[in-house]
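Note that the chains take the letters A, B, C and D in the order they are written out, and that residue 1 is the start of every chain.
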Amino acid sequence: MAKSRFEYVRSYELPDPLMPGTFIVVRIDGRGFHKFSDAHSFSKPNDRRALDLMDMAAKTVMDEYKDVIMAFGESDEYSFLLKKNTKLYNRRRSKIASSIVSLFTSAYVFNWSRYLPNEPLRYSPSFDSRVVLYPSAKEVRDYFAWRQADTHINNLYNTVFWALVQSGQSTAEANKALQGTDSKDKNELLFSKFDINYNNLPAMYRKGSTCVRKPYPSTSTSSIAPEPSNIPSSTSSHNSPLVETPTRAADIEVTNSTTNTIAAKLEDMKAIKVPSSESELQSERPGSESRSGSVPIQEQKVKTPKKAKPFEGIDGELTIIHEDIIKDTFWDERPWLLE
Amino acid sequence: MAKSRFEYVRSYELPDPLMPGTFIVVRIDGRGFHKFSDAHSFSKPNDRRALDLMDMAAKTVMDEYKDVIMAFGESDEYSFLLKKNTKLYNRRRSKIASSIVSLFTSAYVFNWSRYLPNEPLRYSPSFDSRVVLYPSAKEVRDYFAWRQADTHINNLYNTVFWALVQSGQSTAEANKALQGTDSKDKNELLFSKFDINYNNLPAMYRKGSTCVRKPYPSTSTSSIAPEPSNIPSSTSSHNSPLVETPTRAADIEVTNSTTNTIAAKLEDMKAIKVPSSESELQSERPGSESRSGSVPIQEQKVKTPKKAKPFEGIDGELTIIHEDIIKDTFWDERPWLLE
Amino acid sequence: MAKSRFEYVRSYELPDPLMPGTFIVVRIDGRGFHKFSDAHSFSKPNDRRALDLMDMAAKTVMDEYKDVIMAFGESDEYSFLLKKNTKLYNRRRSKIASSIVSLFTSAYVFNWSRYLPNEPLRYSPSFDSRVVLYPSAKEVRDYFAWRQADTHINNLYNTVFWALVQSGQSTAEANKALQGTDSKDKNELLFSKFDINYNNLPAMYRKGSTCVRKPYPSTSTSSIAPEPSNIPSSTSSHNSPLVETPTRAADIEVTNSTTNTIAAKLEDMKAIKVPSSESELQSERPGSESRSGSVPIQEQKVKTPKKAKPFEGIDGELTIIHEDIIKDTFWDERPWLLE
Amino acid sequence: MAKSRFEYVRSYELPDPLMPGTFIVVRIDGRGFHKFSDAHSFSKPNDRRALDLMDMAAKTVMDEYKDVIMAFGESDEYSFLLKKNTKLYNRRRSKIASSIVSLFTSAYVFNWSRYLPNEPLRYSPSFDSRVVLYPSAKEVRDYFAWRQADTHINNLYNTVFWALVQSGQSTAEANKALQGTDSKDKNELLFSKFDINYNNLPAMYRKGSTCVRKPYPSTSTSSIAPEPSNIPSSTSSHNSPLVETPTRAADIEVTNSTTNTIAAKLEDMKAIKVPSSESELQSERPGSESRSGSVPIQEQKVKTPKKAKPFEGIDGELTIIHEDIIKDTFWDERPWLLE
């Protein structure tokens, strides 16, 4: 078989190395998730089960790729930070972007029935991904601040919007009512009309989800993320002996206003049983790159078992927190993220 | 919230348009599928169920992306051809590469239990993807020829290798026995020792899977791919009135040698019930790009319903065939592929 | 000296290969040439000496780079076509783009005093360059058609504009007079008011300059471009035995209307003595890549003398013509350009 | 004229923006300068006139491009540092790389006869250029350290090599004599055999040329670079009030060993009359991007006069120094370079 006659087409596969010494962010984003959320009856403005599933998928990515040292998610998007000097796939752009989005998607579908057991998956959801490079710690911090600011803005809007709709307004009326309002207006509207103190809403909705590694040895009170909903989601970070964290006091979830629809729904969510990490189920996680089904044995090379290269950032248990990552505290506690 | 203060980080998202007027090939490839196939007890050298699942995932991609006009798969890889003048995602490289691999992965996991009902999925499989551009029809044909030649070489090797192993040799012995042999040697060894006529093995294994659209109006004998295994998989192409296809006569699956392990196993596979296309289950397939779970209503724009842009290649029922795509016949029958 | 300690910075030099099998066009463009032309008293609307100098610089590039098989110039820009399968500098984008613009600039300054002997060069002119890839012959032809159409549009406008100005109008008045006029209007204005038949103006101004190789053995009547101005510039193409070229009859420069300023100026230009090719002066043109002044001998390697690789397009004497390259004739006569 | 019919080819010109917030280095490199230096009888191992001409060309680049805040040259190469946040040409890669190499080349040829008045330029020299991005100050410093280390290694080797050759050895013998020697060996060989103290050789040869801006208001003793050769080339830096510069004491050129060929030649060079900056000759330096010779008036737009944007680095007189740029002193004195 004249294999060589055709093989020249490989020369069209051009290299796409990412610049060395820069921070790599991979952001994945749901495709058509507005309709997807309708088709699967997601709660509005937030569906705890769906967000937990996103967190689970993100954890699967970090579990597999030790060079991913942090992730931040909100709504149907997730951003992954790779350490600055990562050599993952020789920093090949498509390889990194595609492998991460593929594993994320895979874990999302794989774990669907565990997080939304009463909601059969009707069709295959998908995500896109992109790679963005940042030259220094400042831009990386600002990137995550940008995403978390976005979380806040969207969530505040959506919280008021859906409160109005659930109180009987049409979506058009609700939209109109919110036109031209600023944050303060929305907060007041929430409190005066619906008896909702925005700051008492779950931190997960207000702050998004941040997935980090908790350095070993882990403390006995550590929680595995996504945390079961009946445990306040941000307590884990309170164990940190490094710094005072007064700013996060408000993050403790105390929803004492159960008199309106939304708050009641939130309480309900806490009862949902969330499974533990996927990694517990995987004893034989494969790392080899070789083939499957019809494995081309010819191409198999005897590989010397790879030594686990010591991770240069930090190794530790994956944990999901719902904190302010715009302020310094988060970063000061984890200096390895920006090294 | 000082959103604008951070938003400058968006300027680091640089454009990545693909050159216009060139053929786009997206190839996805299983990550760690050697171990994955072991972990899920794939039959050797080919697991019909796993290959059908790959085909199903490819069909899902082509079902969603009309600009993908052809796909070719073997083992744990699949290549997708986009029409030369596609404007999909404004030809943005990462968007195309990531969306396709994500949907493929999603469909692979989503459909797993239907194709391998007795084999629980143990962990999340994943794929990578890459984009390759080709300037002209010649390179596109040679690209697919390259992949199909690879299919043949690998499958012939694996067929002999596993026959030897199943007859009692160790893998090391089998490997050694095959060293330095050419195609003819392997064919003879198969026939003399195992009574296997290589050309009588299923075309799917020898030729891989090619997914194309069958022009409407479809004929009454059209099969929906992946075809139920008890129907010869390549019959659909025999309806073509355009050309004589004598070379494909050998592709009709007649395995009359049931005296050895492999052939027997192949027969068994034919009994597997394969579900029909995923698209039948999806009445409400979403196309919008907007948000999910916590949908940022703010960002929702009233969209006028998009008119279905007439597909400039060919619209038609998706079908999987197992033909020779190195020879001219395949391409001559489908001139729209290379336009 | 700890050379190795710093050498890691080389890893930041990323590969930039151009896609194989595509046509490469390098277009150079004068920077700030409006003021440059004022500072050096260029004739308006065209300065024959300056255009000849541009042609000379283009010839120097083609003389040095055999893989450049055609060039087209107008005003202060020049486009170079490299043969589709060129391996020049391994198709490295910056290497190709920068070497060509550098040599062009060098030749422009080097030859300045020969083409504008009475106009001292006052400062260093410069050009930029860009690489554009085209997948097929069609786009290449359309690219050059685009540039030549541009030549026509600009030259017609400028011819009328400067005729008006030289007849006493201010530039503002001239601009206003031309607003909203089409080609026909401008032609009539030229003829009725200035007795100029636009089609009789020099082909160089109307058609731009095309530099091609004339296949060996060259005919006895071949001219070396830039042709001395007193020889009709397009005669060389009339030697072609391949096709009738009736459309180019109008290109023969017969300016019999010497009654107005512009035509008179054109006649004057013909008297300018134009030197012959730079290559005649260069017996020892260097090809090696090694160092200069303080040559790092360490790095010198003994090189076996490179055999002149047979040029796969066409070798031949460089010639500048002023023809229509939008029509088929030009390309039909030179099939090697698009191979 | 169907301009629009062809204009689609412009869509093949793809964007090539450089990542924001990174340091841009453009390195230009002589093409074929080993032969070029032979063809023009450059002195070995260093030709002061040729190096001064390189410096002059570099100054022309910095004079024109205020965003170029530093340059370093040796032999036939020069590296230009652009400030981190430069918006020059919207950070378009080819535009930056090509414009700089073109202007450098232009100035090299333009100024040739002033620096090598007795050496007619025989043909057009050329340079290539490349862009390299560095994310932080560290890599920028290491980049220049890498180049200066290279200068040292090459110059030491070449100095001994040519001393051997000038003392009667063949080049082959000289090469062999130097095989396996380290820096110390070479220094001793120079001293014992040729009475040359390497550290007393001109700093220009040992340290290369660094072009920087001297902040306004300039001191009265400032020298314009390239300094006339009879003034010690590194004195200018001694005016700095910022720091003690003891390490540069050795850089003062005191060649008291006139007994051998090389040293004598160096003395001779000092007599060469070097012209002052090109910028003095240019009162009407053009900045506009519009056309020349046949200016397409149509395209001229009325431009509001651009306000001189305050340079965010430092404005000041260009000066060439020959200092150690590996050590901290150089950078500490000029903090704006790495901001």
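Throughout what follows, a contact is a pair of C-beta atoms (placed from the backbone, for glycine too) under 8 Å apart; a residue touches a chain by one contact, two chains touch by 3 or more.
All values reported here derive from a predicted model rather than from experimental measurement.
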Higher number of C-beta pairs in contact (B-C or C-D) found for C-D
Over half shared or under half: which fits the residue numbers at the contact of copies chain A and chain B, same or different? same
Compute the centre of every chain as the mean of its C-alpha atoms, then state which one is farthest from the centre of chain B. D
Distance from chain C to chain B - Cα centre to Cα centre, in angstrom: 49
I'd like to verify one number: the distance from the centre of chain C to the centre of chain D, where each centre is the average of its C-alpha atoms, in whole angstrom. 30
Residue numbers in chain B touching two or more further chains are 12, 19, 21, 133-134, 139
Taking the touch rule as given, give the residues of chain C at its contact with chain A in the complex, in rising order. 11-12, 14-15, 17, 19-21
Quick one: which bits of chain D touch chain C in the complex? Just the residue numbers, please. 1-3, 5-10, 12-13, 28, 30-39, 42-47, 50-51, 60, 74-76, 93-95, 97-99, 101-111, 121-134, 139, 142-143, 145-146, 149-150, 152-155, 157-158, 161, 171, 175, 183, 205, 278, 281-282, 284-300
In their shared complex, at which residues does chain D touch chain A? 19, 21-22, 133-136, 139
